[in-house]
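Right after this note come the structures.
Next, two complexes with subunit A in common: one pairs it with subunit B, the other with subunit C.
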Partner chain A sequence: MLLSLSWRNVWRNPTRSMVVVVAVALGLWGGVTTMALINGWVKQRIADSIQNEISHIQIHNPEFLLNEEVDKTFNFDSVAQALSSADGIVGLSGRLKVFAMAQTDRANSGLVVLGVKPNSERSVSGIPNKLIMGSFLEGDFKTPSIVLGKKAAEELKLVNYELTDSIAQKLSAMELRLGEQIQPLVGRRIRTRSSFMNALRAELEPALFNHYSETLADSCASFRLNGPVVLTFQTPAGELHSAMFRVRGIYRTSNTAFDARMAYVNFENLALAANINPNYVHEVALLCKDNTSVVSIAQTLSTTYQNLKVRRWDEISPEIALYAAFGDFMGLIYIVIILFALAFGIINTMMMNVLERYREFGMLMAIGMNRLRVYSMIMMESVFLTLTGGVVGIVFSIVFIKIFAQTGFDFSMWAEGFEAIGYSSVVYPDITLANYVLVTILVTATGVLASLWPARRALKLNPMQALRVE
Partner chain B sequence: MAIIEVVNVDKIYNDSEVKVTALSNINLTIEKGEFTAIVGPSGSGKTTLLNLLGGLDSPTNGKIRVGDVWLNELKGSKLIDFRLRNIGFVFQSYNLIPVLTAGENVELIMQLQGVSARVRKQVAADMLVKVGLADRFASRPAKLSGGQQQRVAVARALASKPQFILADEPTANLDGKSAENLLQIMEHLNRNEGVTFIFSTHDQRVMNRARRVILLEDGRIKSDTLQ
Partner chain C sequence: MNLRLLASILLTSVTAFAVAQNATEIVRKADEMMRGEKSSYSEITMRIVRPKWERSLSFKSWSKGTELSLVFITSPAREKGQAFLKINREMWSWNPTINRTIKLPPSMLSQGWMGSDFTNDDLLNQRSIVVDYNHSIAGEEQVEGWDCWRITLSPKPDAPVVWGKMILWITKKHYLILKSEYYDEEQNLVKTELAHQIKVVDGRTIPTLYELLPADEPGNKTIVELNTIKFNIDIKDSFFSLRNLTQVK
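Up next is the complex of A and B:
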């Protein structure tokens, strides 16, 4: 009955209590959703990075890890047999990894060139499925093939801007005046984005330019497939070798920095060009059945291959593993700050509740309600008040998160910034049950803490004074 | 043995600049089964005396025994618990919790005493019958008249099975008929069930119903008569 009494007391002044409930609900909704977004981001970043960049486990010649020198290889055949039959390993790719200077007729740039066997690489990496143009390294060509990231292709100026007839027609259909004004540009091929923009600016009236230029540039951009790229690298003997490759595919991940750096060529082509024994590799990448089996598999491999260095994803990229812990922590800090701010509102409401019922508390203490009970009653009221808001907020959050866990939450307005640091612009919020429990505990604790001061006020009263009739 | 014994009690308020002697040299015993009125002009010390008897305040000098306990020997939560189990209170107003029904208000005190839920409900219903409110168990105080609210307060006091019930001006806020009615119920409980009542009043008609009248003037007992 004391519980039900406290609950009813909460609703003595419904408006005042509703204000607190709504405030707590909104605060938590924001906090929990933010937490879920951060969590979703981090998970996605980890998944992306395992899938596209580092896989679960990598094996190297330990000396290669020091300076990544081209001669620090190890015999692939010595491990391949055992690994491909090992339990829990679902993908295996032996790679050459060489630093190269890439040159086109217009620009040059440094690249990390991976020599891979397309089929093996597909078993560990998502990159072959991230192509936005062309194909991965399959197919027979006279000149060797190279697959570049979008960013690298842009840096090497392997892009043309051309307003084709079909685009022009679509534009006319969309907005007649736009179609007319761009006519002079149709069929012209422009090499850089900035000169394409300048050309647009010259032809279009300002309003149309402001509105359409970015989208137009995007849709007119096309990569120069089969464009030549010359790679220059050091051979194990210490000489510089150059070889020509042709761009056969462009990939794009959510990590622009990765896209700017990593290029893929056929294993045999690279071995030949860099003069490396094709039985040897720099790196073996492994994909495991699931994240949980990685630790034990890495453990076993370490003991089996004493002379090689076996590293898990979280050892290869400790900063990414750190994000995971950090993401949760950030979300919690955020919620704690929100609750701290809300606590003042709760204290205020509880204080009013107590002061208005001064005589009533006096009466209860006079007839024999002890301090502990008075205190628990006030505390329960505060917890009920806070928790009602908490439950509403969490239910809101669950619904919100459920919806956006399906569709994703699109940050593309700011996507450029996110992708530059390796985060996808569409985030799938994700939150664990443990975090909901933790948030509920925090909310309850806030209720308890917010009741301390008002309860102290009530406990200090003298029942005889409180009951005195003036 | 008397259930209340007051020995050489003085009460001096000196929390403000002026010292107020609210009671001086009070000696008094009250026996089980009494129906006693404490009367006197405003400021004569009636409330002060009842507060001392109820353990809500402590005397400046002298001591008070309730049952076999000297109140000055109880402190803090022991004193609160003593009040809970031994003394029934009916105040002039603010007796009831507005969000609880009449029945629940009566049950509350038994819950504080640790009585089981089933017994509580039964006893609360019985007590409400005794004060003539059998059909108002589920009514909130706001739906009851002032007189009915005071009767619920009496039922609550009864439910706690106290040694005696203190009532400070229980009829002060009531009209004549309700006051009469409340007094009748109290008197009935006193006669038939031996419940001890000590109440203060200004009202001559209420005074007339008391069997013992203690008249206070300037904090002293001016007269103490049986009628």
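Up next is the complex of A and C:
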């Protein structure tokens, strides 16, 4: 009886109630969507970094972890047999990891070079599927192959800018004047982005230049496959050794810092050049069936291989594990702040409500409704008001999140900034049922809290005096 | 008549033979001229020219063999006091403003040294122009008034060099490299090194002004001038120590 009474009371002044409902709905829609974005973002970062960068479990010689010195290897055969038959492990790759100076004809850069066997690396890492040009390390060549990240290739100036006929034709189709003005550049090969821009600036009229130059530079960039890269690194004997490699492929992940640093070469080539026994490795990377089985597998492995250091992904890269916890927490903080602000709006509405209805409360009390009932009636009105807004907001955000979970939320305007810190620029929002439940509880609690003051006001009424209010 | 013809044929073939054999010899001598003495002390000014700015840097340098060297920066005031020590293949830097000695990691070695077109790698890792290349004399030309051989260097197969070709101009009189051009594998010019102002310093004839011109970036260059240079100075190995790195003046 009290429930339906409260529900009807909410809609006695529909405009006023709707204002609060809409405010709560919009606030929650924003809050929940933000929460889902942060959540989806972090999940993607974790998935990307496990898949491309660190895998689930890594095994090292404990001394290697101190300074990553080239002579701190361990015997691969001693672990490979047991690991490949172990339960829950789906991928296994033994790697050499060497710090090298890379030199090309136009630049130098420091790289971390991973010597991998292409087949086993494919079972662990997503990098072979992230190639934007060329192929991975398979295939026999006279000069050893190297696969570089996009950023590293740019830093080593392994990029050419060439306006091909097909691009020029597409441009003419897009905008005729652009196609005409660009003609003198067709077929010319330019070495650096800045001189390509200068050439464009010379040919194009300013408006067209401002509009198209960046896109043009991006689409004309092509990497010099087969370009020479000389790697200089230390051998276990302490000498510096140089070896020639040729670029076979360029990969790109969502983490620019990773792309600038990691290069892949064939295990045999690196072992030979660095004079390392090919049965020995610096690192074994494992991919498990799923994230949840990692802990128990790592546990078993570290008891089996006492002389080796077995580390889980959250130990290799604690900052990523931190983001995971942090992401959920951040979303909650947003929602609490939004609800706190909304609470004042609700208090205001409820207060107006109560002040208007002095006479009615006096009447109800006079005919025998006790104070507790009056109190709960007002509280329920407040909860109904907030919860209606909450439900509308949550329904909105469910729809919104469902749509963007399919299409992705594109931040590519700021892509460079995002990718520099390792985050993909297209975010797929993701939220768990538990989070919805939590949000609903928070909304209800806000309704209850916001009703405390107005309800107290109603309780203080003297029924006889209230009845006389006109 | 027949005899004279025979003689001329013989002579030309002999000279051709001698020349072909000499190309490697010439480069080897030039390489030795560049390395030369047991120890040296020099005061050097380096000017780094970019289209929009320019800066210059002066430093003192001590070296012994190819293994030991110490560099102390004397100007500009902001960088004064910084010192670099190289022992064999390793390099340290001393920075008085932070009061620390830092061992340069491989990634730092590949950055431009003090913002110039020279990399730390160039200073440490000079691949021998003698060992890694095949040499041939491509002609004779005058460079800045000096008679020079023009020698083409093509990398030996499997040699770990990134260049497709190098062309050196070496003076006939002193075996000095006055000009070197570096080409990539598609035979495009990448950079040119020039040497000027050949002088007799401390008993040796050497160029005292060097220029480095990257071909892709017109307007960029690095100029190195040797102000003072002394050879075969009396210097102990212990001079090249981490301890002295922080005390040298």
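The criterion applied here is as follows: the second predicted complex is superposed on the first by the 468 of 470 C-alpha atoms of A that agree within 3 Å, B and C clash if a C-alpha of one lies under 4 Å from a C-alpha of the other, contacts with A are read in each partner's own complex, and residues count from 1 in each chain.
Please note the rule applied: a residue touches a chain if its C-beta (ideal position, glycine included) is under 8 Å from a C-beta of that chain, and two chains touch if they have at least 3 such contacts.
Remember, predicted model here, so these are calculated numbers, not experimental data.
**Q** Looking at the overlay, what does A:240 touch: subunit B (first), subunit C (second), both, or neither?
**A** Touch status of A:240: second partner only.
**Q** Using the touch definition from the top, say if A:106 reaches subunit B (first), subunit C (second), both or neither.
**A** Only subunit C; A:106 stays clear of subunit B.
**Q** With the two structures laid over each other on chain A, which partner does A:225 touch: subunit B (first), subunit C (second), both, or neither?
**A** The answer is neither, since A:225 touches no partner chain.
**Q** So in the superposed three-chain picture, is A:192 touching just subunit B, just subunit C, both, or none of them (first/second/both/neither)?
**A** Only subunit C is touched by A:192; subunit B is not.
**Q** Using the touch definition from the top, say if A:366 reaches subunit B (first), subunit C (second), both or neither.
**A** first
**Q** Contacts for A:392 in the overlay, against subunit B (first) and subunit C (second): which applies, first, second, both or neither?
**A** Neither partner.
**Q** Residues of subunit A that sit at the subunit B interface in one complex and at the subunit C interface in the other, please.
**A** none
**Q** Which residues, counting only subunit A, touch subunit C once they are in their complex?
**A** 99-106, 108-110, 143, 191-192, 194-195, 227-230, 232-233, 240, 242-244
**Q** Show which residues of subunit C lie in contact with subunit A when the two form their complex.
**A** Going through subunit C, the ones touching subunit A are 89, 105-111, 119, 121, 125, 127, 158-164, 182, 184-185, 188, 190, 216-217.
**Q** Once bound in the complex, which stretches of subunit B touch subunit A?
**A** Checking each residue of subunit B against subunit A gives 47, 51, 54, 56-57, 77, 80-81, 83-85, 89, 91-95, 97-100, 104, 107-109, 111-113, 117, 156, 160, 169, 172.
**Q** Quick one: which bits of subunit A touch subunit B in the complex? Just the residue numbers, please.
**A** 1-2, 5, 8-9, 12, 359-360, 362-373, 463-464, 467-469
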